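The data blocks that follow each hold one structure.
Heads up, the next two complexes both have chain A, just with different partners, chain B and then chain C.
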Partner chain A sequence: MHIPDGYLSPSTCAVMGAAMVPVLAVATKKVNETFDKKDVPTMAIGSAFAFTIMMFNVPIPGGTTAHAVGATLLAIALGPWGASISLTVALLIQSLFFGDGGILALGANSFNMAFVAPFVGYGVYMLLQKLKVGKVISSAIGAYAGINAAALAASIELGLQPVLFHTADGRALYFPYGLSQSIPAMMIAHLTIAGLVEAAVTGLVVYYLIKAGEDNLLYKFTYRLRGENK
Partner chain B sequence: MSNFIEKTVLSIQSTFQDMFESDEIAIKDGLMQSLDTRVRLLSILLLIVLCNLSSSWQILCLMVVYSIFVAVLSKVPIKSYIFRVLSVSVIFTGIVLIPSLFNIVKPGNPLIYIGKNLYITRSGAISASIFIMRSFVSLSFIYILILSTKWVEILKAFRYFKLPKIFSATLDISFRYITLFLDVTSNMFLARKSRSVGKSKGKIERRFVASSMGNLLIRSEYLSSEVYSAMIARGYKGEYKTINDFKFDIFDAVWILFNISFFVATFIVKGGKVWI
Partner chain C sequence: MKKLLIAAIVIILLTPMGLLAPGSAWGEWGIDEVKNMVGYVPSGMKHFSDTVKALFPDYGIPGFDKNFFQQSIGYIFSAIVGIAVIAIVFFILSKMIGRQEGKNE
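Let's turn to the complex of A and B:
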């Protein structure tokens, strides 16, 4: 889902980047409030974790492998605001040091994967928790919803390119496929394989943590966000 | 043997190799290496913005040549550089663009007939080639930057640009721990590989991947409190200070002037209608 450079017009990149500024500003404030002074090391280790798990190859039926993003997992562990910062930093490292995902497209990529994905995932997770659904199932469904929302956002950004940016004779200047082509192409891949991988991995990690008796870890940092005492 | 284990271990190894390689190339005596890191970072970003704004194929062709030229002068190993840039910009992007060439996706004037009612359109072919060139130039400049600069230097330059503390400090610390986590992950996967005989079921493999992630999460939580205590022990009070030793010299000035005149010249040649 990492959009490379050249796919989006610079003005789209600028708009998406500008959209991330208030998100990150609020996130910085929230994180400063909730983490005391522990914010910097926790966020740093969080983004190192996010970066590393994106490199894990997950075997899928058919003999190939896929990757998980881990946005919802991180949102459950660090809270959605903390996850937003950690994921943005992880994406920045990926694009700047590995050429994975564009530098100009960083705003769009972080909007999709560091804002839409953790917030939708966390929202769905919290909703299911209120409905007394188990933690494993809630986190899996949350992750499925989160990754698909992010994919939808990415496909809309891409699909708008030929509508907004074309020459006088209708030739596309950037990504050439419209919404009617980009949305189904992205969503079929994510509703099936990528979404299920993300859901299975997130659910299994939560299952593992519960089994290992370490599930407190998932909520340790977010107690203040939920208005609870230590 | 288990494919996913090898893939993960290999991709981690190639990450380490990249880090090592960029350190080696960064100490060579090349064009990029002679510039101040801040100038390097900003000029690369600006070049990428310019190439993304341009929609003229002549300018993009010129920029492709220019980027290769800069790579050669910066003593970047050309073979691996070209391979890496091409694999994303031509192979990946090329596959994505194939349907857009045909009239069934977007009608246009015929260029090459494949079947009776199926042909490659002129506009599709022009769009696709511009797209690929743009992608090539963007990636190419990024690789030149990361290969010719020590990563620590790039992080230093970031600090200079006064990003909010939570970002620059987070970036700085997280970068150090990525190396550690990658090593831990690689060891976990290798340990698994050395213990397994024959084929295992997909379900069990997925469970292994998830438990290693869970385990890494437990370790990271432990590590973050350790790191925090270590920072406190060194006098951390919520402020993150660093030392900068950047120097702007004549090379930087020449480089900036050259680039400005280069683009002004192309701008004038194209009658001022190149960008946007």
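Let's turn to the complex of A and C:
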């Protein structure tokens, strides 16, 4: 899901980058209000976890690969705003040091994986909690929804490129495949394999933390952020 | 804390499993792959790709990627480097974000 440089037009990159500015501004404000300084290392652990989990490429039928992101897990642990910052840092390091995702495309990749994924995942998680579904199942379903929402966003950004940016003779300037190809390709990979991996990883970690009596690690820091009384 | 450290080490050592999946992710092809697929390299794509050369492209050590063993070492090395840089970033961030302890709400 890491869009490389050259795949999106500079204007698309600028729009997506501009969209991330207010997200990160609000996220910083929320974290300033709700996190103590001693809680920041937890954000680092979340960021490192997301970074590492994204290295586990899983094979997709048809010869491509995909990976989990950990976005919903971070949103449950840190609150969606804290997760947004942690995921953005992971994506920044991936693009700068490892060429995974473009630097110009960082705004788009952050929008998909550090904004859409944690917020959709967290929203579904909270909704299911309201419906009295257990935490583990809620987190797994939320994670499945979150990563697929991010994949859909990425496929739309990619698929719009040949429609918007092409030469007079119809050759694509940037990403060459349209929506009719990009959406099915991305969604099949994530609705089947990657989404299930994301759901399993999230559910297992939440299950473990509850089982080990360490669910305070998940829920302690951000009760104010989630508007819950402690 | 100790449990977390052990878990982290196990996960890092397992990362080379991520190398076993064949092919690249859909929509993350190199320029040559795109040329093979659509018959030409989109001019804008050519112009903007590789804006910045990564230090460890594809989580590998340049020149030390001849076989699975070398790639695995590069992958584990990359995981350690990545986590270390993330730790540094958040150490700096911790000076700038978060409430001072003991402050009234």
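Criterion: the second predicted complex is superposed on the first by the 201 of 230 C-alpha atoms of A that agree within 3 Å, B and C clash if a C-alpha of one lies under 4 Å from a C-alpha of the other, contacts with A are read in each partner's own complex, and residues count from 1 in each chain.
What we mean here is this: contacts are C-beta pairs under 8 Å (C-beta built on N, C-alpha and C of every residue); 3 or more make two chains touch, one makes a residue touch a chain.
No experiment lies behind these values; they were computed from the predicted model shown.
**Q** Could you look at A:Ala200 and tell me whether it touches chain B, chain C, both or neither (first, second, both, neither)?
**A** Once the two structures are laid over each other on A, A:Ala200 reaches chain B alone.
**Q** Quick check on the superposed pair: does A:Ser9 touch chain B, chain C, both, or neither? Answer first, second, both or neither.
**A** The answer is both, since A:Ser9 touches chain B and chain C.
**Q** Would you sort A:Gly170 into first (chain B), second (chain C), both or neither based on which partner it touches?
**A** In the superposed model, A:Gly170 contacts chain B only, not chain C.
**Q** Between chain B (first) and chain C (second), which does A:Leu158 come into contact with in this model arrangement: first, second, both, or neither?
**A** Only chain C; A:Leu158 stays clear of chain B.
**Q** By the touch definition at the top of the document, which applies to A:Val120: first (chain B), second (chain C), both, or neither?
**A** neither
**Q** Is A:Leu106 in contact with chain B, with chain C, with both, or with neither (first, second, both, neither)?
**A** neither
**Q** Please indicate which partner A:Val23 is in contact with in the superposed arrangement: first for chain B, second for chain C, both, or neither.
**A** A:Val23: touches no partner chain.
**Q** By the touch definition at the top of the document, which applies to A:Ile147: first (chain B), second (chain C), both, or neither?
**A** After superposing on A, A:Ile147 lies clear of both chain B and chain C.
**Q** A:Gly70 contacts which: chain B (first), chain C (second), both, neither?
**A** The answer is first: A:Gly70 touches chain B but not chain C.
**Q** Does any part of chain A touch chain B in one structure and chain C in the other, and if so which residues?
**A** 4-7, 9-10, 28, 31-32, 37-41, 43-45, 47-48, 51-53, 55-60, 63, 65, 85, 89-90, 92-93, 95-99, 102-104, 167, 171-174, 176
**Q** Could you list, by residue number, the parts of chain A that touch chain B in their complex?
**A** For this pair, the touching residues of chain A are 4-7, 9-10, 13, 24, 28, 31-32, 37-49, 51-53, 55-61, 63, 65, 68, 70, 73, 77, 85-86, 88-90, 92-93, 95-99, 102-104, 167, 169-174, 176-177, 181, 200-201, 203-209, 212, 214, 217, 220.
**Q** Which stretch or stretches of chain B touch chain A in the complex?
**A** It comes out as residues 2-5, 7-8, 11-12, 15, 18, 45, 48-49, 52-53, 55, 84, 88-89, 92-93, 97, 99-100, 105-106, 108, 123-124, 126-128, 130-131, 134-135, 138-139, 142-143, 146, 151, 154, 164-167, 169-175, 177-178, 180-182, 185, 202, 205-207, 209-218, 220-221, 223-225, 227-228, 231, 236-238, 240.
**Q** Can you tell me which positions in chain A touch chain C when the two form their complex?
**A** Residues 1-7, 9-10, 28, 31-41, 43-45, 47-48, 51-53, 55-60, 63-67, 85, 89-90, 92-100, 102-104, 154-155, 158, 165, 167, 171-176, 182, 185-186, 189 of chain A touch chain C in their complex.
**Q** For the complex, which residues does chain C have touching chain A?
**A** 4, 8, 11-12, 14-15, 17-28, 31, 34, 37-38, 40, 42-59, 75, 78-79, 81-83, 85-87, 89-91, 93-94, 97-101
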